[in-house]
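Letters A, B, C, D, E and F mark the chains in the order given here, with residues in each chain numbered from 1 onward.
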Amino acid sequence: MPISKRYLHNFIQNLFMPSKVEEFNTYRAQMNEKILAQNNLTLNRFWNLDMHAYKEGALNTRTKEMLGLVSSMVLRCDDCIKYHLGKCHELGISTEEIFEVFAIANLVGGSIVVPHTRRATEYWEALNMETK
Amino acid sequence: MPISKRYLHNFIQNLFMPSKVEEFNTYRAQMNEKILAQNNLTLNRFWNLDMHAYKEGALNTRTKEMLGLVSSMVLRCDDCIKYHLGKCHELGISTEEIFEVFAIANLVGGSIVVPHTRRATEYWEALNMETK
Amino acid sequence: MPISKRYLHNFIQNLFMPSKVEEFNTYRAQMNEKILAQNNLTLNRFWNLDMHAYKEGALNTRTKEMLGLVSSMVLRCDDCIKYHLGKCHELGISTEEIFEVFAIANLVGGSIVVPHTRRATEYWEALNMETK
Amino acid sequence: MPISKRYLHNFIQNLFMPSKVEEFNTYRAQMNEKILAQNNLTLNRFWNLDMHAYKEGALNTRTKEMLGLVSSMVLRCDDCIKYHLGKCHELGISTEEIFEVFAIANLVGGSIVVPHTRRATEYWEALNMETK
Amino acid sequence: MPISKRYLHNFIQNLFMPSKVEEFNTYRAQMNEKILAQNNLTLNRFWNLDMHAYKEGALNTRTKEMLGLVSSMVLRCDDCIKYHLGKCHELGISTEEIFEVFAIANLVGGSIVVPHTRRATEYWEALNMETK
Amino acid sequence: MPISKRYLHNFIQNLFMPSKVEEFNTYRAQMNEKILAQNNLTLNRFWNLDMHAYKEGALNTRTKEMLGLVSSMVLRCDDCIKYHLGKCHELGISTEEIFEVFAIANLVGGSIVVPHTRRATEYWEALNMETK
């Protein structure tokens, strides 16, 4: 029976694997460290610039993070989506607001954004569970 | 020896993991349900519209599903490819026809479509096995 | 001398050609009418849905239009950029805010967004002149 | 008054400029000749391959040209769209069928496909006028 | 007769319009100035970074400019292509080498790169004429 | 404690799973064989053409493989990146040179290239380990 197979699979996965949020953050931190250690000046400056772009300015951080999220969705970059969902979560953006961002991303980017919306919803759920 | 490692790995995977087709369909259904439950009107209407677009019209469903497939390939969306391959399979489109769609997708979209063609071939094979 | 050639060219262009804003809006309205007249149900519903997506909701219209703008920039669609710039202008979004949207679009989408930023700046200037 | 300006502009344009269909075909033929004359073997073979991909096979030419059209639309390549519209027109594909291809392209590729749909509609109209 | 119409059109265009190279460079310089004058720190730093990325390093400038060119082609950004073609021309990269870059861009990016290859060939020709 | 969970997970993964390089090459070879066996003439010729495009010509193989790598990065195709990294490794391109390619890819393609740069760095590391 398929359900029991999946149950077993999930059980084992949960036993040995870190959560989706932890896994994403650990890998991201680990690889960033390795890349920055290469001391490629252009790359390091670009990354530094990228981190500063979302700071409070004429637009507030909330708006900027949603701009980052919607851009990541229409360009269909799952890891970028996860990163900005994490930031949006920290800033207290509500689930209803997040889904309005998802809706615009789906209309602008079309049905190819749908699978990314599924994975984004799963990750948003993981973020909400983590902090309960 | 690498072969025995891979053998063991596949053996364990087959033991606990659902088939590629089942896995895709289950996850898709599960997440769609969660997303629709958010009651975002735009999102729900868009998804509903998307389902109706492939219905018989001036063009038949077979042609429309192949249009959906080739679009998904050139836009390189693996899950969209799987979805349309599933539909094409239901409609009895032949392996030879499917590969002519793949060929056009490769020429229009270039060699970056090649890895998606590999995964599409694997999934098409899984669909054929399932129904034997 | 190149400058006088360009001067002549611009002089003639200004004499016979409508402004960039007027030209965009006229063509857009004209073609939309023709497309809607085809009565393709899917297409007409999709366009109708698209217009409603930017209405006030959990997020306000200002934020939504900026989400539309940044998406159009990273996807590099000049006409979509013009449309959302027009809406942002109507909503009184400031030049400083617009350039913060441009900055995020450039970082997320990379230097290929630069030429679209040039044309967006030119159109934003045209919008500002129009309403003086 | 804006209308008279546009009228004058169009009048002058129509006087000196070739039709959209003729202009596209002339430029395309002219540049193709120059590129092939460079004798870059890879490029010449690729172009040759591309021309043969749409020939009758397990799928007929009509279906293949529509596959080429929808791919060009979701990838938002105006010249590719024009080329395939020309081919579809030669093959007697109806306006109703063409708009069903447009509808799928809009849903899969999202609202960024809309401006290309406008230009495609204009070109389709030009193709229809030419042959009257 | 179509040929005479086109002849007239080109004659008038040549009379009043600057060359393709001059036109591109003038517009680019003009708009860059306006954008930089907005003093958006992120945008200005990004542009500055972009200019420094192509400087001599472990890879020489010739290689880097060809990397910029091929990236611009597969991402289908005509203005970016023009910019890098201009740089490649200054560096004395030969027509044969340029067409090998075009060939790789066409294979990786597919037949949607073809129309951009046409315009790139036209611009390369203009660059060669300018310096005779 | 999260670290021990991850440790266990990695331990089990290393026990049963082939290396990243081996896994990629095996799957690639396996699926290529299946696809070529379908005897789709267009597809087979395109793949054959693709293999020949990177051969020594006016540009050397080193430059061509870096052109392939940077194109794959800006188009964000992980498997294409792995393939070209493998080739670059065989040709003795240095880590410093590889990171200059990464830098240009990040600037041209923007921050959405960052997650692919992480996975590319991980794979480059795996290639270096393999040959020690």
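As a working rule, contacts are C-beta pairs under 8 Å (C-beta built on N, C-alpha and C of every residue); 3 or more make two chains touch, one makes a residue touch a chain.
Please read these numbers as outputs of a predicted model, since none were measured by experiment.
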| item | value |
| --- | --- |
| Touching chain D and also chain E, the following chains | A, B, C, F |
| Shortest chain-hopping distance from chain B out to chain D | 1 |
| Longest centre-to-centre distance from chain E, chain (CA-based) | B |
| Interface composition of copies chain C and chain F: same or different, split at half | same |
| Rotation angle (°) superposing Cα atoms of chain A on chain E, nearest 5 | 180 |
| Distance from chain F to chain E - Cα centre to Cα centre, in angstrom | 28 |
| Centre-to-centre distance between chain B and chain A (centres being mean Cα positions), rounded to whole Å | 24 |
| Chain B and chain C: spacing of chain centres that average the CA atoms, whole Å | 35 |
| Multi-partner residues of chain C (at least 2 other chains) | 42, 46, 49-50, 53, 71-72, 74-75, 80, 96, 99-100, 103-104, 106-109, 111-112 |
| Graph class of chain-chain contacts, one of line, ring, star, complete, other | complete |
| Footprint of chain B on chain E - complex, ascending | 74, 106-113 |
| Partner chain F, residues of chain D touching it in the complex | 42, 45-46, 49, 52-53 |
| Contact footprint of chain D on chain B as seen in their complex | 49-50, 53-54, 57-59, 63-64, 66-68, 70-72, 74-75, 80, 94, 96-97, 100-101, 103-105, 107-109 |
| Chain F-facing residues of chain B, complex | 2, 5-6, 8-9, 12, 76, 95-96, 99-100, 102-104, 106-107, 111-112, 114-115, 117-119, 121-122, 125 |
| For the chain D and chain E complex, residues of the former touching the latter | 16-18, 22-23, 26-28, 31-32, 34-35, 38, 40, 42-43, 46-47, 50, 71-72, 75, 77-80 |
